[in-house]
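What follows is a set of structures for review.
Here chain A shows up in two complexes: once beside chain B, once beside chain C.
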Partner chain A sequence: MLFNSFQYWIFFLIVLALFYSVPFRVGKVLLLCASYVFYMWWDPRFIVLILTSTIVDYWLGILLESASGRRKKLLLVVSLVVNLGILGFFKYYNFFAGSLATLLHLPQSSVILQIILPVGISFYTFASLSYTIDVYWGKMKAVRNFIDYAFFIAFFPHLIAGPIIRGRQFISQIQNWRRPATVVVQSGIVLILSGLLKKIVFADRFAIVSDKYFGDLGGHPGWLSAWSGCVAFALQVFFDFSGYTDIARGCAKLLGFEFPLNFARPALSRNPPDLWQRWHITLSLWLRDYLFMPLSRRRRGRFALYRNLILVMVLVGLWHGANWTFVLWGAYHGVLLLSHRVFDRATAGTLLSEVMRKRLFVPFSVALMFLCYAVSVAFFRASTLQDSAFILRGMFGFHHVTGNFLFTTGTVVLFFISLFLAVAQERNQFIDRLALAPARVQIPAYVCVFLTLELFPVTDQVPFVYFQF
Partner chain B sequence: MTDNFSTNRPFLCGEASIETSPRSKILYGLLLLAICVGACFAPPSAKGEIAQPSGTANATDHVKRAPSINATPERVTVGVEPGRSEIRWDTGDGSVGFVYVSTNGEKRTLFATGPTGRATAPWIKRASYLFELYRDVEQRTLLAAVTISGVSALKVSPKASLKVSPLTTLWQNNAQWLLAAVALVVLYFAVYFSTPGEMRTGFPAEPSTSPRQLHVVRNLLLGLVVFACVDGAIFHTELYTSILAPDSFAGRMAILTRAEKERVSSGLKEVLVVGDSRVAEGFSATAADKLGSEGGFKFVSLAEPASSIDIWYYMLREIDPTARRYSAIVIPYGYGYNRRRGQLLKIPMAAPLLRYSDCFDFTSSFEEWSDRFRAFTACILRGSALQSDVIDLFEHPAVRAESIRSEHKRILARAAYKGRADDIAGTSYDPNTGQITFPSRLTETQREAIKGSLQEPSQSESEQLIALQRQWIRRILKRYSNSPTAIVLVPTPRGPFGRFSRTSMAYQTFFSGMTMDKPILSLPEHTFDFLEAPEYYFDGYHVNAKGRQKFTETVVAELVKQLKPANSAHFASDPEQF
Partner chain C sequence: MDHYAQVEQTVKEILAKQLKIDTANIKPEVLLAEDLRMDSFGALETAFELEDKFAIQIPNEVLFNVKTVKDIVDYIAEQTQGKANT
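This part shows the complex of A and B:
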């Protein structure tokens, strides 16, 4: 049941109607059941995993709250082992076993298992882990109501592809639920429409360009083809994931819940740290709070900092998928962050630094950062390291041919439209303000959106990119 | 019922003439304005001779086109430096095509390949270049061709030079680099204005309070109502229909019906022939006119590839609102088309003919719920059925304008169409072993079509097909129940090996026990059995020029015989009675 399917919207409208027709304590149970149905739609077997994770962390949370000293640590370790064990087995077993087999010159078939990756496992595992770690650190109290906890883990809008929510933000919303204000409902509708536009008009159309390139790399040599393909995928993945998040947040708002912001115009990032403040914000913050900060507290010093930076980014890559291409993708971003930090330190107080801070220079920084991001696509989208190498060689002119400009007129127009929408949103929250706009603005905006959704969608249903993570 | 993708597809039988209406001129002006805007965003073409298959192939898959090849410009001014022209081609059905070029009639060389695309020929000199689009690398099946003439700058007449638009000239003078520079400047200022200067450290959340009272449901509903009205104003009127891609199924249907509506009555006894590609290939209105002129008959063919009986109904409703325009309407019946494909094409094809009130009737022609939903939506929001066409218009406004401009050429070509000269004689089929032997000259497409035509429809397919024909024949008869127009049912020839088919073309197989609102006339089951031989076909479904002549002669002879006033009294609800 994809967010861009008719099925989902029938499901959502039924759930919405039922939810508001019963008291919240009943509605909560109903939403939980609906969430499990939503999850089982893909594969009913994997409900066992989500239930295991939920039950274990619920009890561990209660035990952690009252425990102290070594026992407390042990309980946390149990939580980590259970959650990361499930994640590791289903997502990474074949990757590590396969890599080890290659290293030891063993046949792959002797170690590889037929494992299906449960959808959304990376997202709900991180949500669950954030809860036990927060309880361990004493940042929140353990939840005593199992339904509340299960609801936090399984609430369907975030279950499959985030945003990664945290117990301390979300459980209080369950406990103090109120009917959403009119402006919140309005904002939810705007988010849903914006998400649908991003997904089925923008992302899926850029996907046509990127699929053309990545689907036949050998048939598209040359720097122009490589850059077209990679830029198209960079735009696709942003609109795809950001569109999903908008729909998730919009649906949550209509049901009276708030999800954190996950994207803030990442294409307008000026430098690598800025990118990670704008791109998949909930994952960046999760890793900062639960991995980078604890690591940094253990050992200080510049070298340790750089090492931690690279380590965290490699893990970010690995979180995205069990493949060496993702590891390199993470490492590449780690190197970008590190280089930026070194460069920043080296040029601090110099004329260059002053010039770079000028507003006139900002577009150049943004362009450079976008191109750096487009390069990372060579790792992110390619299936093998050989493919990545081919793309990179193409991008940097080693194919010795020009290649083809793969963008069509329509996708170029879309690119400019998306740019202007991003600029308008960045400057004065143009899209958010639509929720507050008077009818004379809102109605034409709705008409434009409906017409765009009617006339310009990509009719073949394309799955969300982040479902595979 | 069988879709036909042959090269010289008849476009509009009969001698109908189309005048550009004042409204069309205004629309045309608007279209030109769109072209100017579109041209500003046109992507720069690849340098040199590198072929550039278009990325719109996937996006426009649903618009089925005739194969085409165009050159812009076709007349290239050559000075000291060679001139250039951009070649665009489209095989129309997504299969790979091969573009060959020959200079002054010399040996052909491969220029580009791909199902659709464009490539620049920057080496045009003072010569004639024939660009031909072939289905196969062996250059056996020619799909389309275009000639580029390189003319000396000194010889270009002032009038001719006026024909080249300033935009084209600008574009040819490497304006793409200027465009790229403009794009970069736009990008620069867009990003410049997006930032206040300082780095952002946080992002504001969506509003949670409002200074004014909000009307969520009211605004949303009003938005939906206005949207439906806008869609209606654009797509349920001539506004968009007049600029549909003439090569698309929807466009062809719109042009056919518009031309027939505007055609002035001949004053003779007019006989309308509807049908799918088999009738389009098989029946020649021009030949029929000659044969039937003595009896005072005038024939009009609106047979259109991939159309089906429900579409004919809507077409008849559109062109014959009083149900009294024709002396007779010839409706073919039978088996033999790719059902699923037909279903997919049906919605965009019917779109220009659908009304809001058709939402339930039209939907009932579909079996799958997803198709029914799409059909329903197409009736209410017609734009949803024309998505591919709209995208195509935005992507290639200049090509669209050009193809609309050359509409009359297609109409003339349709009227002059004489059928395909080639045949499949030499092909043999053994019904016992199922083995088919092809002569070596047949292309893969022909072989596949022959194999496909030999597959008998399944029980359920036959039942569905019969049910569909019964349902819509009944509706057509109801519509003409109080009209003097005779409805003539014609069994379609089953194919080159129809004699081996187990399917019966008997009238009873299709319409037995059906209550008729009007007496009908049906040609005998075996009327066209003599045509079911390979020498009359160019593939598994469609007759060639020879077959076309025979089919037309037989239809006309039978009609003239049956439509004589003396015989009209014999019309019966069960045609087997006479």
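This part shows the complex of A and C:
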């Protein structure tokens, strides 16, 4: 049940109508059941996994609250083992077993299992772990109401592809739920429409260009083809994931819940740290708070910090997918962050640093950062390391041919429209302000969006990129 | 020099060393990210140095939410007030 399918919107409207026709204590049970139906739509068998994680962490949370010393540590270890064990087996078993088999020259067939990756497992595992770790650290009280806890884990708008929510932000919303104000409903509608536009009109159009390149790498040698394909995918993934998150946040708002911001125009990032403060924000913050900071507090020193940064970024890559291409993608971004840090320290207080702070320099730094991101697409989108190497050789001129410019006139126009809209949103938040505008502004805007969605959709329904993670 | 002024002076010196700027340019109301261009990594290095200097622990919530130099000074001065009085 994809967010860009007719089926989902029928499901959502039925759930919305039923939810508001009963008192909230019944409504939240109804939403929980609807969330499980939504999840089982992909594969009913995997409900067992989400229920296991929910039941285990619910009980561990209660036990953790009153425990101390070694027992408390042991309970946290149980939570980590259960959650990461399930995630590790379903997502990473074949990757590690296959890599080991290659290393030991064993046949792949002797170790590889037929495992289907359960949708959303990386997202709800991180949500569940944040809860037990926060209770362990004493940052929140354990939840005593099982329905509330199960609802936090399974609430369908965030279940499949985030944003990664945390117990201490979300559970209080369940306990203190209020019917959303009109302006919140309007803001939810604006978010849903903006998400659909990002996905159907922008992401799916750029997908045509990137699929053309990545679907037939051998047929597209040359630097122009490689840069076209990678830039198109970079735009596709920005719009795709941020479109998904907008729809998720909009649906949550209509049901009276608030999800954290997950994107803030990452294509306009000026440098690597800025990118990670704008792109998949909830994942960056999760890793910062639960991995990077505990590691960095344990062992001080600049070298330890830099080492932790690379380690965390490699794990960010691995979180995205069980493939060496993702490991290199993460490592590449780690190196970018580290290089920026070293450069920043080396140039602090110099004339170069002053020049780079000028407004005039911003478009150059944005373009440079975007191109650096486009290079990382060679790892992110390629299926194998050989493909990544082919793309990189193409990008940096080692194919000794020019290749083809794969963008059509329409997608070039779309690129400039998206740039204009992103800059406008960055400057005056016009999308957010639309929800506060009078009806004479809102209604024509909604009509325009509906017409655009009706007139410019891509014929095939394209799944969201982040569903595979 | 009173306790608050001592903390303020030390914070300024650590920030100046970290950012390679003159202490005279570090005013209490200066924004760390926007004016001093301090990123989260720089904030972390500075925080660790401040923690060692004042023998306190700055929680993540404080570390990543302080906006100005004054915010840091206020927090540290409050945390170390007891030590200063004894």
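Please note the rule applied: the second predicted complex is superposed on the first by the 469 of 469 C-alpha atoms of A that agree within 3 Å, B and C clash if a C-alpha of one lies under 4 Å from a C-alpha of the other, contacts with A are read in each partner's own complex, and residues count from 1 in each chain.
The criterion applied here is as follows: a contact is a pair of C-beta atoms (placed from the backbone, for glycine too) under 8 Å apart; a residue touches a chain by one contact, two chains touch by 3 or more.
Source: prediction; values computed, not measured.
A.B. asks: Return the chain, chain B or chain C, that is in touch with more residues of chain A.
C.D. replies: Touching more residues of chain A than the other partner does is B.
A.B. asks: Who does A:G349 touch here: chain B (first), chain C (second), both, or neither?
C.D. replies: The second partner, chain C, only.
A.B. asks: Figure out whether A:T411 sits in contact with chain B (first) or chain C (second), or with both, or with neither.
C.D. replies: Only chain B; A:T411 stays clear of chain C.
A.B. asks: Output check: A:R205 vs chain B and chain C. Expected answer is one of first, second, both, neither. What do you get?
C.D. replies: Only chain B; A:R205 stays clear of chain C.
A.B. asks: Quick check on the superposed pair: does A:R288 touch chain B, chain C, both, or neither? Answer first, second, both or neither.
C.D. replies: Once the two structures are laid over each other on A, A:R288 reaches chain C alone.
A.B. asks: One more residue to check, A:Q173. First (chain B), second (chain C), both or neither?
C.D. replies: The answer is neither, since A:Q173 touches no partner chain.
A.B. asks: Considering only the touch criterion stated at the top, classify A:S99 as touching first (chain B), second (chain C), both, or neither.
C.D. replies: In the superposition, A:S99 touches no partner, neither chain B nor chain C.
A.B. asks: Going by the contact definition given at the top, which residues of chain A touch chain B in one complex and chain C in the other?
C.D. replies: Residues 274, 277, 357 of chain A touch both chain B and chain C.
A.B. asks: Provide the residue numbers of chain A that touch chain C in the complex, in ascending order.
C.D. replies: Going by the criterion above, the answer is residues 273-274, 277, 288-289, 293, 296, 300, 302, 305, 309, 337, 341, 344-345, 348-349, 357.
A.B. asks: Using the touch rule from the top, collect the residues of chain C that touch chain A in their complex.
C.D. replies: 19-21, 37, 39-42, 44-45, 48, 52, 60, 64
A.B. asks: Considering only the defined contacts, which chain B positions touch chain A in the complex?
C.D. replies: 38, 41-48, 50, 52-56, 58-59, 62, 183, 186-197, 199-200, 203-216, 218-220, 222-224, 226-227, 230-231, 373, 381, 383-384, 386-387, 390-391, 394-396
A.B. asks: Which of the residues in chain A come into contact with chain B in the complex?
C.D. replies: Listed in rising order, the residues are 6, 181-187, 189, 191, 205, 208-209, 212, 224, 253, 261, 264-265, 268, 270, 274, 277-278, 357-360, 362-363, 366-367, 401-413, 416, 419-420, 422-423, 426-427, 429, 432-433, 435-436, 438-439, 442-447, 450-451, 454-460.
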